[in-house]
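Dropping the structures in below, format is structure tokens.
Presented sequentially are two complexes of subunit A, the first with subunit B as partner and the second with subunit C.
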Partner chain A sequence: MGGNHTRDTRRGLSFHLLAAFFGLFVLFLYGPIATILVLSFQGPDGGLTFPMNGVSTHWFRNLFEQQAVGDFGGSFRRSIALGLAVMVLTVVFSLLAGFAFRRRFAGSGALFYLAVASLIVPSILVSLGIGLLFNILGLEPTWYGSALGAHLTWTLPFGLLIVFAIFNRFNPAYEEAARDLGAGPWQTVRHVVLPILLPSLIGVGLFGFTLSYDEFARTLMTAGSFNTLPLEIYGMTTNVTTPVLYALGSLTTLFSFTVIGLFLLGLVGLRRRRLRRAATAG
Partner chain B sequence: MTMTAAPPEPSRVSASVRGGGKVRAPLLRRAAPYLQAAPLALTLLVFLLVPILTIVAVSFWDYDSIRIYPDFVLTNYVELLTSPVTWKTYLNTLKFAALTWAITLSIGFTVAYFLAFHVRSTTWQMVLFLVCTIPFWTSNIIRMISWIPFLGRNGLLNSGLISAGIIDQPLEFLLFSDFSVVLAFVHLYALFMVVPIFNSMMRIDRALVEAARDGGASGMQVLREVILPLSKPGIAIGSIFVVTLVMGDFITVRLMSGGQSASIGLMIANEISLLQYPAAAANAVVLLAVVLIMVVAMLRVVDIRKEL
Partner chain C sequence: MTATAITATGLPVELVKLRKAYGSTVAVDGIDLRIAAGSYCCLLGPSGCGKTSTLRMIAGHEDISDGDLLIGDSVMNGEPPARRGTAMMFQSYALFPHLDCTDNVAFSLKMKGVSKEERRRRASEMLELVDMGKYAARLPAQLSGGQQQRVALARALITRPGVLLLDEPLSALDPFLRVRMREELKRLHRELGITFIHVTHSQTEAMALADLAVVMNQGRIEQAGPPRELFNRPRTAFVARFIGGHNVIAGEGGQDAVRADRIRLGDGGADIRVEGTVRALEYHGSSVHLSLDVPGADDFAVILDEARFFDSPLSIGDRVLAGWSRRDTHPLVA
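Entry: the complex of A and B
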């Protein structure tokens, strides 16, 4: 008993030290964002740093009024459209590839390594390569064409790895049971496999949308004549020296948080509904 | 949502099974994996492999101030590799990579260890893990900018230190310096260490830890002799992410050093903006080779496919 007791208090100390470290890490992650959130409410005469010179929503209004800041609205809409397209394609392509990799096929090893290479190749190379390719072929780079492809080279490997992880833990007995009960292959996929995969596919979608929405390096040479939001923000960092930059930062971060929140709510809701259904069925 | 319409291939297979009889089914069954893998393979071929081959080809092209033209010259490589600037820049980039790697590894390991072995409820584990991952899904550029009011000459840190009487002149090295570059790298990429190491740690059989304790190992010994070796795959994967991200970066170095520091990625970006595409391409090929060598070295520690 005595030995157990000392062991517990010792563990208690290391627990508290580690918890404090973790707390500092979270502060490190979120602290800076919190500062620009506060500073975006800077008064009309306020600058880029503290102290606050009054409190106002001046810079948010400024963001929407002043067209000199750039095409904020248009770039925001383009980034959302691009993010949604990347999300859908990432989910569909990686799910399909996940099915393919469950069986052996010629070139599966090469394809896997190509996908891993896609994570490792520096973003600027993807940007440069696609830019050069389009240039040589005489094609006009566009945000919905070349930039879409460039984003997919970043989101697809993540999607594929997540789908791999699910299939590795997937118990084929469920499919066999469905087949034994007379389900066709499509019915098995539709009513057995997809529902089991659904939560992870929501995760793949989250990766697809958010990584595309925030992607800068891969968009740089591939977006063509219209900017996406990260390109617009980057442009602002070099020539805007007012808190309007923070207002934009706060808004887009808030938007990201909302999107992440919606995905997580979707996951929680799905789990609740299933638990309820399981309870009523049992 | 989008998922219900997802796999057309299996449906095609089933339709043929029902409609076309037994002869065509095996063929489609065999073709199915190829059809299913085709979208991924095509995307990666068109937007990754062909562009990289294009870079390799263009790295041998010639150029003047107006345009680039097909040729086979080695001048781009010769100029790149004989310039002392290149070597200095590589050294600087490697310095950033090494510092960021060491710091993110220490932070990542500690955070993952806390989450995996000290947080006991699974719900809390999930919640705290999410708290760590959420910033990963927000804008990197905004996360960099957000350091400015903190580190600047009149920033929070300087005014805090001055009013506390620790310093009487603002510290100049905080922003637009190598310090702020590494700080931003750690801020952006620590997560890439936390997640794979946490994943490895969650797979460690708790009975091993118990056995080591029962055998008389102290907490430190358990950590060093059991947990650390078994976390190696996660450490390797995290290291690959962090090192490749830092090696190819240009935006963090440009924004956080205020143009005072250089990296290979930034050098390439500058050559691109000057339309010196063949020079940028040669630089990119060398960078890719360096990154690949580093990755292969790290992969010796781990078989990624087993880690999923």
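Entry: the complex of A and C
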């Protein structure tokens, strides 16, 4: 749109349109979070909407005091435990499946589509189906049983797709070099493949954890008598009418960011350690 | 580089009707080759000629479809790579990115269960050998291409191989470094006394390095011999063209080759003459390269001494008479 030749000084219409679109995207992404963050510091007499009636940390304290409204602590712990379990299982089994799919085997194509097709099944149907099945079998649905399975129907196909991408970028010459230098199959995996893939696997783990941590629909019919955090928050929106809800939102958002931050720090630390070990050795 | 720390003896390698097929595609079509212990062999050819598949079968990274591979006195067809007495240097070096130079070089010792101090000591000795001692603590990503190559060499040599396999070892380097590493490979070969098998698509590299140059085409060996023999007596038109510096012309009952630097321009003293038009001219310093359009040959090259050319210079489009002596023509096998 007439601006290519003066790219440094004048920007074309397309730049402004795309910048505006990006601005809207960021607003929709972080606007609600910012609003909730601000409202969670509502004064003790304030309501669910603006204007702010003073500024306080009243609702945060309230969150930890009263247990009548909801079991915030318990649901939070359950969500974390569930997220960690999903994370470990997702990393282990996507990696194993990734290894298996590196060799073409009879029916590998069909098996892959079967695994990935579950991504397009509406999540609430998966949830309903698993809940029903447990009912029919006379099993008690629990957050650590049926809900764990329901979450894995979501995270495993995703994990598998990511592991495929990771292996696509992995140079098989590393394995050949290891073999050439006398490493057995297990030594090759242990000393060469896993250390090289480690940063990517941490990414898969983080992905699995976050998918599980905020999963709502797949938990709805499968959690049994104890709620996970998203279910608890949803429950609270229907019967809590104070800004304590916002305090909860702020706190869980902060937690999510902390988890992501810790993972990133872990990655940076890993790289640093390798560099430092490299620098101090010899 | 000196080679005091490596005591290994070169092993002979023999390929007997060696064949590699991927499904219905034949990559290596039953080749026979004897590589003497301690020699420098270059497998040479265009991409897809089967040279890399051959090397990988020798290394044990590719299954042998048919035929036999002998290293030393033993058939090695099904042996794992580490038990063949070979070590391979990979095209992209394949240095482990998470290990520093010492740990990369010490890797094979670690797999064998050699104690930590022992393997670090031997690895640093080996790094000294390739002039990389002061980079021992660097990660591969912190090294230049040439430095990575030295580390890869050290990592291969620490296994004390009888045969060193090199897959296009110089192709990733810039031209200046390539010439230097070529010299170092040759020196290393002389000092170690082990067998080198080196895959390349560059005839210059093969000429400069090989005792035995093996020209491959479409999964077969076109010709194997010392570089000088290949250059002076190419067996087929393919070899003559691939080695370069030759003209392939129609002769009595087949094709003949004549070296481009044996062609003279003008009338004097030639047994065979052709008339052509100058299509292209290139100044190469000590020589001038001419391309002529000659009836009956798709490409006719003349290499002239610089001084001789400028005695009677030509320009593009000039008609010239090119001639050579019958002694310089060499019949080719179809």
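Just so it is clear, the second predicted complex is superposed on the first by the 248 of 282 C-alpha atoms of A that agree within 3 Å, B and C clash if a C-alpha of one lies under 4 Å from a C-alpha of the other, contacts with A are read in each partner's own complex, and residues count from 1 in each chain.
Operating definition for what follows: a contact is a pair of C-beta atoms (placed from the backbone, for glycine too) under 8 Å apart; a residue touches a chain by one contact, two chains touch by 3 or more.
Predicted, not measured: the structure shown is a model, and the values here were computed from it.
Engineer: A:132 in the overlay: touching subunit B, subunit C, both, or neither? Say first, second, both or neither.
Structural biologist: In the superposition, A:132 contacts subunit B only.
Engineer: Pick one for A:192: touches subunit B only (first), subunit C only (second), both, or neither.
Structural biologist: After superposing on A, A:192 lies in contact with subunit C but is clear of subunit B.
Engineer: Pick one for A:212: touches subunit B only (first), subunit C only (second), both, or neither.
Structural biologist: Touch status of A:212: no partner.
Engineer: For the three-chain arrangement built by superposition, which of subunit B and subunit C touches the greater number of subunit A residues?
Structural biologist: B
Engineer: Once chain A of both complexes is superposed, is A:228 in touch with subunit B (first), subunit C (second), both, or neither?
Structural biologist: Neither partner.
Engineer: With both complexes overlaid on chain A, does A:200 touch subunit B (first), subunit C (second), both or neither?
Structural biologist: Neither subunit B nor subunit C is touched by A:200.
Engineer: After the superposition on A, what does A:180 contact: first (subunit B), second (subunit C), both or neither?
Structural biologist: In the superposed model, A:180 contacts subunit C only, not subunit B.
Engineer: I'd like to know which partner A:160 touches here: subunit B for first, subunit C for second, both or neither.
Structural biologist: first
Engineer: In the superposed arrangement, does A:242 touch subunit B (first), subunit C (second), both or neither?
Structural biologist: The answer is neither, since A:242 touches no partner chain.
Engineer: State which residues of subunit A lie in both footprints, the one left by subunit B and the one left by subunit C.
Structural biologist: Shared contact residues on subunit A (touching subunit B in one complex, subunit C in the other): 184, 187, 198.
Engineer: Give the list of subunit B residues in touch with subunit A in this complex.
Structural biologist: 2-7, 9-11, 13-15, 17-18, 32-37, 39-41, 43-52, 54-55, 58, 107, 110-111, 113-115, 118, 128, 130-132, 134-135, 137-143, 145-150, 152, 154-156, 159, 187, 190, 219, 240-241, 244, 247-251, 255, 265, 268-269, 272, 277, 280-281, 284, 287-288, 291-292, 295, 304-305, 308
Engineer: Using the touch definition from the top, list the residues of subunit A that touch subunit B in their complex.
Structural biologist: Going through subunit A, the ones touching subunit B are 10-11, 14-15, 18-19, 21-22, 25-26, 28-33, 35-36, 39, 48-50, 87-89, 91-97, 99-101, 103-105, 107-108, 111-112, 114-126, 128-133, 135-136, 146, 149-150, 152-153, 156, 160-161, 164-165, 168, 184-187, 189-190, 194, 197-198, 201, 205-207, 210-211, 213-214, 216-217, 220-221, 230, 233-234, 237, 245-246, 249, 252-253, 256-257, 259-260, 264.
Engineer: Please name which positions on subunit C make contact with subunit A in the complex.
Structural biologist: Of all residues in subunit C, those touching subunit A are 59-61, 80-82, 86-88, 90-92, 94-98, 100, 102-103, 107-108, 110-112, 120, 124, 136-139, 142, 155-156, 159.
Engineer: Okay, in this complex, where on subunit A does subunit C touch?
Structural biologist: Within the complex, subunit A contacts subunit C at residues 171, 173-174, 176-184, 187, 191-192, 195-196, 198, 274-275, 277-282.
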